[in-house]
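Next come two complexes built around chain A: one with chain B, the other with chain C.
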Partner chain A sequence: MLRADINELLTQTGPKTPMGELFRQYWMPACLAEELPEDGCPPIRLKLLSERLVAFRDSYGNYGLIDEFCAHRGASLWFGRNEEGGLRCPYHGWKYDTTGQCLDVPSEADNSSFAANVKLTSYPLVKIGDVLWTYMGDPATQPPLPEFEFALVPPEHTYTSKRWQQSNWLQAFEGGIDSSHVTFLHSGGLKTDPLFKGAKGNEYNLNDTKPFFEVADSDGGLFVGARRNAEDGKYYWRITPWVMPNFTMVPPRGDHPIHGHFWVPIDDENCWAYSFDNHPVRPLTREERQAMIDGHGVHSENIPGTYRPVANMDNDYLMDREAQKRGEYYSGIKGIAIQDSSLQESMGPIVDRTKERLVPADSGIIKARAKLRKAALALRDQGITPPGVDPAHHHVRSAAVVLPQREAFLDAARDDVKVKPGMPVASV
Partner chain B sequence: MTVDSSLLSSCARAASAAEARFRIDAPVESRSARVVALDDRAADVLRSVADLGWISARFLVCETVIGGGVAAGDFLLRDIDGDPAVLADELRGTHVVVMVATQDSGADAAYAIGKACWERSIMTAGLVLGDGFEVQDAVAALRPHARVLLPTADESDVVELLRALRV
Partner chain C sequence: MIYVGDAGQERIVDAAAGETVMSAAVKNGVPGIIGECGGNASCATCHVWVRDEFLHLVGTPGETEEDLLDMGVDDRRDGSRLGCQIALSDELDGLTVDVPPAQL
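Then we have the complex of A and B:
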């Protein structure tokens, strides 16, 4: 359980809130690069950390993320015309560049300096990999660009998707470090999903439904180790890294691509689940990429032209009771991503954690909440930069390894949980 | 009978943060817990933690292994006030045992308590306070019998875990 005031602290990410300020210390995904596919393309509306914004790519190829509303009368600039190095409000013609600087107020005199005094809030927007990243904090403390492996491998090695989740970011994120649900909720997928099936590690998962857990600090957050019995008195370890505040990875299976998530708050009752796959050694095969596009693995099949899953709250996630009975899908819901979102959304937009009954197996979640709270308060009260801001903290991988019983998972697998460009992941 | 699925989902769509406050109204029964210090420094930590006030947690200090055979139930403990306690008695009716260690000297005790809990199907968790190699053996001893293990340099994790478990 969590006290009500701490639950509020961790789930509220708007401006001037402690967690909101914490999130504003980091570069994080603002949108997919595919959403702004060419110079001068239509702008998109974004809501991030409860702020309403517009992202656009001007006619010269510059990316911008600015306040959604025109400084004149508050009309949405999503209706704007993307023309000649700026976004022009169609209401009265005020025009802004990618930094939010007003370039033109047509109603003013030709040589008026009025426009120079008008500037909208703006944030940097930078393309790295398939993602456009933003930093919404104080420009004076802007950290170096992020260095997550999935965004740095060659384009043909990686794939990123996103989906809208109708819940607070924290309950989505907590699913990302909760290894114990996999054996139940995702058991069907371990046998059938083209991006999971066939790995030796799946047998360990399915044969041992009561894993042991170890939770260890890392420079950027945590490593959560889930231990199951393997043969010859050895343990099968699945190691999940968390980089603060909202990056998690899923331990790999066989030679399948390695995957993970960013959990980005839209507002306090909605978040984006960014899901990626990458293979550090080889390009994704055509079949793998198509499986990701089709919503297999950690990805979702979305309503065309949107990032809302086809299976969503409005249609009961296309519940299939017959498949549930057969065991094809343990919960009756198809797909790993929707299996998670269906249950996390069922908890309500912001789950009341004063009423939950945690068990020792939830220690990863308990520890993560404590680290988030302490980091948010240390930032607010002492100005301490939180873990995970330093790009060196981004150089982590998940791993799946078989170790002798006496070996501490993090000692034995220390090299396996570090990024080694071009080298294979540790996987079973 | 064909049922309109959009009708079925209407309740789910009506979910709101305000409504969530009315969920799970049944009283939450606390689980019975024993929190055991495996060495002297861990005992100091638990003495300060015990002062915070708990619903159903009893705090114990491990001092002696009788006979050296580490058989379940032979383990002598003291409670936080120094009165003797017997492991087998303490485990009766207990739901979870949290062991706290700060150094390798508690390895044998960790093994014995973990084994006794295992035989009684009692959930176990281990908190090892310290950095890396200085507690390596304690971690190794706890590993087979603590279903959850938290090696940590942060003493406040003891309180965080116990509060989260509602003990």
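Then we have the complex of A and C:
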């Protein structure tokens, strides 16, 4: 169980909360680059860490993330006109640039300095890879830009999607470091999903339903090792890195692209699951990219024009009891991402962790919660910069390796969990 | 060893060296000590308060145990330990622990 006060601490990420302040130490995905496809395109509304914001790309190509509401009388700037060099509120014509600076208040006299004194809250918005990243903390402590491999490889090597999840970020994230559910919930996908199937490691996964977990600290968070039996007295290790606070990677399978997630709080009852695939050595094939677009692997099929999955809470995730019975999908739900979201959303928007019953297979989750709590309190009480802020901490990879029994997983695989640009991942 | 309940009632249990405070309690049906995870320092359902006079004999919590005591028990005190992490020995003969009332 988790004490009620700690459950609140870890799940509340609004302004001035300890976890909210922790999240505001990091660069994280604000939206996909495809959402602002060209200079002067329509603005988008988005909520992050319980703050309502508008993202836009001005006529010169500058990206901005500013308070959603006009400083005048609080109308939403989503209705705004994206004009030359700024977003103009259609109510009374106040106009703002990408830094939130008011440029024009048409009702004022021509020589008025009124507009110069009006500035909306704004955060930087930077394109790296397929993602627009923001930093919502104190400008004085803004860290260098993030260096996650999936965003730095050539564009043809990578694909990122996102989906709205109707649950708190923590229960979504906890699924990302919990390898033991894969053998059950995703067992159908291991055999049939075009982005998963065919790897030797899948056999170890399916044959050993009682993985042993070992957790090791990393500079930026943790490596969670899940050990299953392989042949000849060897062990199959699936190593999941977590970079604080909300980046996880899935251990690879064969030569398939390597994938992972960012779990970004929208507010305390909703989050974005960003799902990426990348191949460090070669471009994604046409078939792989199409499979990702179609919602295979870690991706989801979304309602066109939105980031809400087609299979969602309102239609019971298109539950198929016949497929469940046949074993085609273990839970009766199609697709790896929706298999996860259906169960995580079923817990309620913020699961009551005082009622949970943890087992040794949850050791990664226990350790991650402890690290999050310690980092949030150390930041609040002593101003200590948390792990994962330093871009050097981002240079991690997941790995799936067969190791001799007597070797400690991280000693044997230390090189395998580091990013080596252009070099293949360690995967069976 | 001796388990003390919330009204001060004592439950005396014979335990062999090598058993743990948790396993001896579960075997003898001592209320309030569950040991859900089977002794792996994962569930924090075997929390006890070790009496002061025994504290120097039982050592200090390990790292994972420390995390669980921090996050997974209602009333952590100086003597708080997970019963599954205290192996019994001749030296600990007569070990006395309180079972926190919240667990009863």
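Just so we're on the same page, the second predicted complex is superposed on the first by the 428 of 428 C-alpha atoms of A that agree within 3 Å, B and C clash if a C-alpha of one lies under 4 Å from a C-alpha of the other, contacts with A are read in each partner's own complex, and residues count from 1 in each chain.
Methods note: contacts are C-beta pairs under 8 Å (C-beta built on N, C-alpha and C of every residue); 3 or more make two chains touch, one makes a residue touch a chain.
Computed from a prediction, not measured in an experiment: that's the story for all the values here.
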Clash or fit (per the criteria above) of chain B with chain C on chain A: clash
Thinking of the overlay built on chain A, is A:Asp314 touched by chain B (first), by chain C (second), by both, or by neither? first
Counting only touches as set out at the top, which of chain B and chain C does A:Arg357 meet: first, second, both, neither? both
For A:Val126, decide between first (touching chain B), second (touching chain C), both and neither. neither
Looking only at contacts as defined up top, I'd like to know whether chain B or chain C touches more of chain A. B
Could you tell me if A:Ala75 is touching chain B, chain C, both of them or neither one (first, second, both, neither)? neither
In the overlay, answer first, second, both or neither for which of chain B and chain C A:Ala323 touches. neither
Quick check on the superposed pair: does A:Ala370 touch chain B, chain C, both, or neither? Answer first, second, both or neither. both
So chain A touches chain B in one structure and chain C in the other; where do those two contact lists coincide? 1-2, 357-360, 362-363, 366-367, 369-370
Could you pull out which chain B residues touch chain A in their complex? 5-6, 8-9, 12-13, 15-17, 19-21, 23-24, 28, 96, 98, 123-125, 136, 139-140, 143-144, 146-154, 156-157, 160-161, 163-166
Per the touch rule, the chain A residues reaching chain B in their complex are 1-2, 210, 212-217, 268-269, 313-316, 345-352, 355, 357-363, 366-367, 369-370, 405-406, 408, 411
Give the list of chain A residues in touch with chain C in this complex. 1-3, 6, 357-360, 362-363, 366-367, 369-370, 373
In the complex, chain C touches chain A at residues 36-38, 40, 42-45, 64, 67-68, 70-74
